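Two complexes, one shared chain (chain A), two partners (chain B, chain C).
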Partner chain A sequence: MSNPKKPHITVMRSQLSRARGLGSGQAGVGHWWAERASAVALVPLSGWFVIQVFRLAGASQPEVAKWGARPLNTTMMLSLVILTFYHTQLGLQVIIDDYVHGKAHLPAGLLMKGIVFLLGLFGTVSVLKLALAGSSRGRIAAG
Partner chain B sequence: MVEFRLPKNSTVGKGRIFTATPGATNVKNFRIYRWSPDDDKNPVVDTYEIDLDKIGPMVLDALIHIKNDVDSTLTFRRSCREGICGSCAMNIAGENTLACLKPIRDIEGDIAIYPLPHMPVIKDLVPDLDGAYAQLRSIDPWLKSDTAPPPDAERRQSIEERAELDGMWECILCFCCSTSCPSYWWNGDRYLGPATLLAAYRWIADSRDEHAGDRLDALEDPLKLYACRTIMNCTQTCPKGLNPAKAIGRIKELQLERKA
Partner chain C sequence: MQDVRDALYVGQRSDGTLTRRPMSPHLQVYRFRLSMFLSIANRAAGVAAAGGSALGLCWISAAAKGPKSFSKVQKVTGNPLGQMLLAGWALALVYHFVAGIRHLVWDSGYRFSKKEINEDGPVAVGVTVGTTLALVAGILGVAICRSRKKAS
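Let's look at the complex of A and B:
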């Protein structure tokens, strides 16, 4: 007869076996480095962006459209948008690793990455729209 | 796993009060966590009014006085009483430290004493460190060398090579650092924690060791190593003044260095 007062032990695996676990995942340095490298790249990009916002303050819609159609500005804006959302995704993954465990871990990461991807894509399309709309209008005017 | 609230059977109740002997003039209150596995009761905090004129200067002196003269049921670990064995590690006035090195006069007001945070409690101030010791064992904390030592002498190191180990050989494995680390609280089943990672780097950095690559391979893991978020609690709390966060940073640098 089992003793109802005696707790049933479900884990008898040794502490060393638990500590070693499944061994090393052979991953981590890539994520760690990408997080830092993207953060460093975002410093000058964000500085540039803030300066542009001040320069364009009070500008008319056609002036902003013209600004957005310049290849240099498009390049900088795309770098900023893509790196911002790439970095966001890396950082949020760290938070999920810390706070979400077990079965919810994988779906939480996928959901987060999906949302960040869509937001980043929306930003990218917006920058491109400004860039391409501006240039096509320019062509019509020229023709 | 993150726990923002204590489990029901861990909420701490009010305990007994042991009043000071009449006539004592230099009295300080020690509020000490008590829990016993022998009954089904929740933990409580007992208050001991202690006459500081009767005891030595350190928190451990007060604990020994309580056990000898006031309440022999109080359970704690200690051995060397000079900061070298690591067994009296506990949370004193909100900080993980060694009771034998913590002067009572450094603490204003009542002194709250708890076991090291977020570890299973065996009794009163004694935490279960089996998991932490197994993690230390898992990184093979010993010299691994395939070259035979000279037949008639020890393995030699230059003065510079030996200096690489400063700030690490002094670690007494008290686990004050690991149990102060939020990453270790939330993910201690996989994150190795600062004490074990400091020990790992101690062997990676040892010029006589020939297995740095294997050691780095074994640490290259999103949680075992990279769950360290550079919060620095470990370095702030170490009662020996060591810097485990720096050692962890060095391991991460080496992981990067060998990729290029």
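Let's look at the complex of A and C:
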């Protein structure tokens, strides 16, 4: 099939991609980096959360409310919830890319993103409600 | 060509000549390796950890809602079946964490040779099992101690 005298490189790339001088440089690169960056950020946040679980294990609702009203805890919890569900969405998209083919691919991805977005938003609203309700109750009690 | 499927495996070299693209055998052809299990287990653990996190939202939302909803969640976390679910979530999270660290190490260009990957696999399993057991026992112990202190 091939002419042995003619120099060639045995790589599986089209002439167009060779002419462009680039490999794949589309949305995949950003997705890959976002997955890694969110993973790195989740390492210290997870460690913080484990400590909080030890502090709150067996705690009553007023104790949890008091904990959740502290601004530092609210900040860390919001970061944890948002990054967890962002990282979830990135990971599940890769699974959909791998296993769902054809016409179902786009709706499957959109449906997954919608569900994960709502879950993340629900967590965010819950953390904020815990934070703000706690402080207002304190004000009523003080006044 | 011996098989009609070979028609789909015709590729082009960079000089335009035709060549047969390499074919990957089916999964069951390969001898079982720990690495292949750990690889798919990381994906499964990621999905399980995500499902557990969705359930974990019940805890924070119940705390935000009030004492009545929170006592309902405490019934689940106090139940042995609920505790087993929590332990499973912890296992998934810990393994996804450990395997994620390995991926970050590989991405940085370290421990990526066949020999090193085969060495690190059993270590990852040991760290996962040990950390999960320590976490579950520790959290359960603290929870029991605290509720006993309240009762007395």
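Annotations
Operating definition for what follows: the second predicted complex is superposed on the first by the 118 of 143 C-alpha atoms of A that agree within 3 Å, B and C clash if a C-alpha of one lies under 4 Å from a C-alpha of the other, contacts with A are read in each partner's own complex, and residues count from 1 in each chain.
Note that in this section a contact is a pair of C-beta atoms (placed from the backbone, for glycine too) under 8 Å apart; a residue touches a chain by one contact, two chains touch by 3 or more.
A quick note: this is a predicted structure, and the numbers were derived from the prediction, not measured.
In the superposition on chain A, A:A65 makes contact with chain C only, not with chain B. With both structures placed on the common chain, the touch criterion links A:D97 to chain B but leaves chain C unconnected. Number of chain A residues touched is higher for C, counting chain B against chain C.
With both structures placed on the common chain, the touch criterion links A:H105 to neither chain B nor chain C. Of the two partner chains placed by superposition, only chain B is touched by A:W33; chain C is not.
When the two complexes are overlaid on their common chain A, residue A:M77 makes contact with chain C while staying clear of chain B. Once both structures are placed on chain A, chain A residues 14-15, 18 are touched by chain B and, in the other complex, by chain C. Residues 11-19, 21, 43, 46-47, 50, 53-54, 57, 60-61, 63-67, 70-71, 93, 97, 100-101, 103-104, 107, 135, 138-140, 142-147, 150 of chain C are the ones that touch chain A when the two sit in their complex. Chain contact summary for the complex, chain A toward chain C: residues 1-3, 6-15, 18, 36, 39-40, 43, 46, 50, 53-54, 57-62, 64-65, 68, 77, 81, 84-85, 88, 91-92, 95, 116, 119, 122-123, 126-127, 129-130, 133. Chain contact summary for the complex, chain A toward chain B: residues 14-16, 18-21, 23-29, 31-33, 94, 97-99, 101-102.
Contact residues of chain B toward chain A in the complex are 1-2, 130-131, 133-135, 137-138, 183, 186-187, 189-190, 217-227, 229, 252, 255-256, 259.
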